[in-house]
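Next, two complexes with chain A in common: one pairs it with chain B, the other with chain C.
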Partner chain A sequence: MHKTYKNSYKLYFAIIVFVVYLIIVPLAFRNNNYLLNVIITSSILSIISLGVWLVFAIGRINIGQGAFALIGGYTSAILLTKTGISFWLALPLSGILAGLIGYLIGRPILRLKGVYFDMLTLCMTQFATLAMLNMTKLTSGARGIINIPLPKALKIAGITVIPQFTPGNYIPFYYLTALILIFTFFALVRLNNSRVGRVFSSLRQHEGLTASIGIDVVKYRLLAYTICCFLGGLGGSLFVVYTQSIFPTTFKVADSVNFMLYCFFGGLEYLFGPILGSFLLTISFEYLRVIQKYQEAIYAVLLILMMLFLPNGLLSIRIGQLHDKTKLFISKNKKKVEM
Partner chain B sequence: MSQIIINGIMLGMSYSLIALGLTLVFGIMNIVNFAHGQMYMLGGFIIYYVYAQWGLNFFVALLFAALLLGVIGLVFEKAFFRRFLRESRRPESSMLLAIGTAKLLESVALILFGEKHRGVTPFITGVVSFMGAYIPKIKLFIFIMSFILILGLLIFIKKTSFGLALLAIVQDKEVTKLMGVDTNRLSMIGFAIGAALAGISGGLLTLSFPIYAGMGSDISIKSFIMIMIGGAGVVPGAIVGGFILGMLESFGYGFIPGSATYLLIFLLVILLLIFKPLGIMGKPGY
Partner chain C sequence: MGILELENLSKNFGGLKAVNNFNLTVEKGCIYGLIGPNGAGKSTVFNLVSGFIPTTSGNVIFNGQNIVGMKPNKIAKLGLIRTFQEPTIYKEFSVTENIEVAHYLHHEANDFGHFLNTEKAKKDNEVARSHTHKLIDSLGLTKFSDLLVENLPYGQLRLVQFALCSSGNPTLFLLDEPFTGMNLEEIDAFSKLVLLLRDNGATIIIIEHNMKVVMDLCEKITVLNFGEKIAEGTPNEIQSNALVIEAYLGSDTTF
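Right, the complex of A and B next:
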């Protein structure tokens, strides 16, 4: 009885989110470009962060997602400006190329243990920025690539499936990013609930033991990492076409860190975590914009407070726990006074 | 050519000092102190204000920088990390807390100091000629100071019982506890020492390089590269890593245009880690 109740509760929640996300918001705010912009950006960042989540799911920290977003972005930018390829082809190609590079580089680096892997991924982001800066023939270096054309209409057998994107019109991008996010999310839900997902969970708990029961650790690690890089490339491509420009600094170390942050904020144990994190943090960062000067500092303080009081993310709050936590906090102080 | 080699060695000595702070913290607490670069930057700013603006003696300023950063390290460990490590479900999250502290220091520095690059005029001017290379006397001063500090640190670790206890924690925390050592208190002091070292390096190097509030992440990345090359958590690893990076940088800037240098360095690091996944002197178990 309890289980079916929980499942229908989740279903209702999903339906509500669906309706709000896909129907209410775009309808109600179709002229509020600012809000649409924030949601589109959050959606894209969610897609990229979901990739990072997947690597967390196998027990690793990936601070290199910015590199793959950059790779995907530049791939699309170059394909769209230098060749006449349709965006609808360039998008998956960017993802696939990013995934491929992830696969090739993942093989050697996933062997590294703990901290070395983390630090190396951090350096990878920096490396990507520098690489894009220096490969001037391909990427125009620091000048970046601008005036990237908007996606054209997609026609299948003469029927216009997707209309032409027009400048200044945010709604098509809204639906594009929303649908891709929803699709990605459900794809990952399926993956997570499958045997592969359970292997990931096992890897997170103890890689050695997982190997000892006969699982090809290398294969599954690589799978998670490749999908992560694919999502990074996909998101990067979307972002670049949305903003119609790309520079070597479009995605840098701070962005890689942010993707990690979104996952943590929402809760690493929950697939919805990175999505919640991206949306909440992007929106709140916008609100903080009014206090421009102190924005970063407040952000940092909030981050630290969250790590201290909610180390397992927002979604780990259980209603009863809130009461316990405040009690715990008070009694801890009392103890100190007594001693 | 000899200029490049000499430059590399001088750079290496200072870099080793920076790496030592980081590797010490990592060895003791198993946390990568993401704020290491920011602490370095703060040390530099303290020297800038106390020495260059208010005119106090340089060594006094340096001591002040060390003390202030040490206090910051103490506070971070006690107020943030210790609470966090008790309650978090996943060990990886400690990295995020470290990142939070780094962001905090950087944003506060930006508010207090602004984005301007600052420089300090060296108190020893002039150049020395050695083996066909020219060494600015101030860099020689930095070199000697770094050497003395590293030596001092090594003596402290190997000879004093306090230092030995720290080394013991690095080797095996559980057994050290069994020996009756208060690892909590020592971890706190270890972190403070690491922070102080970062501050001292920053203060020292300000004599020769400009500082700005945003330099934290660059320094942090360099420090990470050093301990990846040399091996995390082991003292000789930091020194080896520091010198190798110093030499690589010197040769790189000597022969290759600007930003491509670090591109090459990253590639070399990745190659090195493929063959030696723990760095040159790293010990397994981290």
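Right, the complex of A and C next:
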């Protein structure tokens, strides 16, 4: 398929990324809370965007991921403030609940033909916000939930596997989000390279053909969508315990669109795309504070430029092409934008 | 009792009767033709039989089992495979990868097993690969095996489409205009393939507009017009049937 660079390059690249991500950055910048905050946020957004990538992989567009981040976030917030359960239980439960709701919603709506499904997802984030606003007994409505406790230490058989998270200390969150992101990424890589990934790709290319050779199209569509919602809930939970608060507007339609944008920007062909997109866009916007109020306008222009010159995202630039600049600008090479 | 029985099969799209009380008995091991002018409802019949669109009324009995309401992939698993009018293949996969997808329904290991790459899954992949290579060799596509199908010439695309639908050894093929776009050589080669399928015990129903092919290949032909059967019989009978001639060429009467 798309083995554009040899496996050895991939391995070197992965090692470098690991070392920088897990060792160099946290060590060198352990007192730079601002940078740590940006990376933590990027990691969480990456996890959520990876879910959206999965739905692109079956040939559909999901503009409703914000709803599931909200569901996951509120689940954790409520569990942590109203019951005494540990975050280490609340985290997977939030993902599972988001996934379950995704499964129940997905069953009817995935039957809709492409565009109609996409449009419905656009409404979802708003539905979720309104739901959280109005379930005041559970969610405290517009007041939101604040003072969410930090994760406590995780002890297994008396041994402290994960230490207590303390206020003002960003490093534990850094490693928590980094490790979950890495684990999610590799799990999805494995999934994508296995039979399920091939089926996803065949659904994207020709659903009718796939059904006609005996593959249960409905089951695989649901699988992709459920995993997407699970990842949304997981990311939402992480975000909420990191910021220790949640409001009905914590995830808005703009956020749902952003998750999609991160996937486009990095490149839909590669699983690394949404991660690259999240990190690059989040970091550049944080550090270019001065243009922040124009953020949405800039994102819009960026999207248009991308569609014109790089429809397949940043990762579609081959190493050789970097020298051949004319190709990048002259070729309206509309290779398949995988929608 | 034939391998396929259509009993009063009907499909309405709003007020339009696309297929109207269509009755058909398909004997096992025969090559059938389904012909008629454009818009007669032939592809609709295929869609109804293979479960791609819901029926309005009527029964579809396949091997004694009523398959109305079944999902298309379930019907395919029972051994009824349909093709589409254009050469439907996975454009982004290579020839080998295309045909391997068709083997997924014969795998023993489930999705989780494949995710973990268990021994069973590895064996599945090996078996699928060897079947695929045999099929590719038998169709003469060996030198194309690792090429992306979108780079293949048209005739080869049709062969890959054929390989995709025949990998599962189905008992009933519904071929929708398979000879479209083929030159004489390709028609000859493909006709031999269809005969080979029949000799291996499969039953085939072909929708086709190329009359020479239909008359040469098919043992029995059914003619549809405006969703209704207007004639049925051997190629010779059909060729001289007045209703059929009228349907295709218009009537002689002047006012």
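Just so we're on the same page, the second predicted complex is superposed on the first by the 308 of 339 C-alpha atoms of A that agree within 3 Å, B and C clash if a C-alpha of one lies under 4 Å from a C-alpha of the other, contacts with A are read in each partner's own complex, and residues count from 1 in each chain.
FYI, a contact is a pair of C-beta atoms (placed from the backbone, for glycine too) under 8 Å apart; a residue touches a chain by one contact, two chains touch by 3 or more.
Everything quoted here is computed from the prediction, not taken from an experiment.
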Contacts of A:L268 with chain B and chain C, given as first, second, both or neither: first
Touched partner set for A:R195, first chain B, second chain C, both or neither: second
Partner chain in contact with A:C123 - chain B first, chain C second, else both or neither: first
Touching partner for A:G214 - first (chain B), second (chain C), both, neither: second
Partner chain(s) touched by A:L222 [first = chain B, second = chain C, both, neither]: neither
Chain B versus chain C, judged by how many residues of chain A each one touches: B
First (chain B), second (chain C), both or neither touched by A:P311: first
Interfacial residue positions of chain A with respect to chain B in the complex: 56, 59, 61, 108-109, 111-116, 118-120, 122-124, 126-127, 130-131, 133-134, 253-254, 257, 260-261, 264, 268-269, 293-294, 296-297, 299-301, 303-304, 307-308, 311-312, 316
Chain A partner contacts - residues on chain B that touch it in the complex: 26, 32, 80, 83-84, 87-90, 92-93, 95-97, 99-101, 103-104, 106-108, 110-111, 217, 221, 224-225, 227-228, 232, 259-260, 262-263, 266-267, 269-270, 273-274, 277-279, 282, 284, 286
Chain A - residues contacting chain C, complex: 1, 190-191, 194-196, 198-199, 201-202, 205-206, 208-218, 223, 336
Residues of chain C touching chain A in the complex: 50, 52, 71-73, 76-77, 81-84, 88-93, 97, 100-102, 104-105, 107, 111, 114-115, 117, 121, 164-165, 167-168
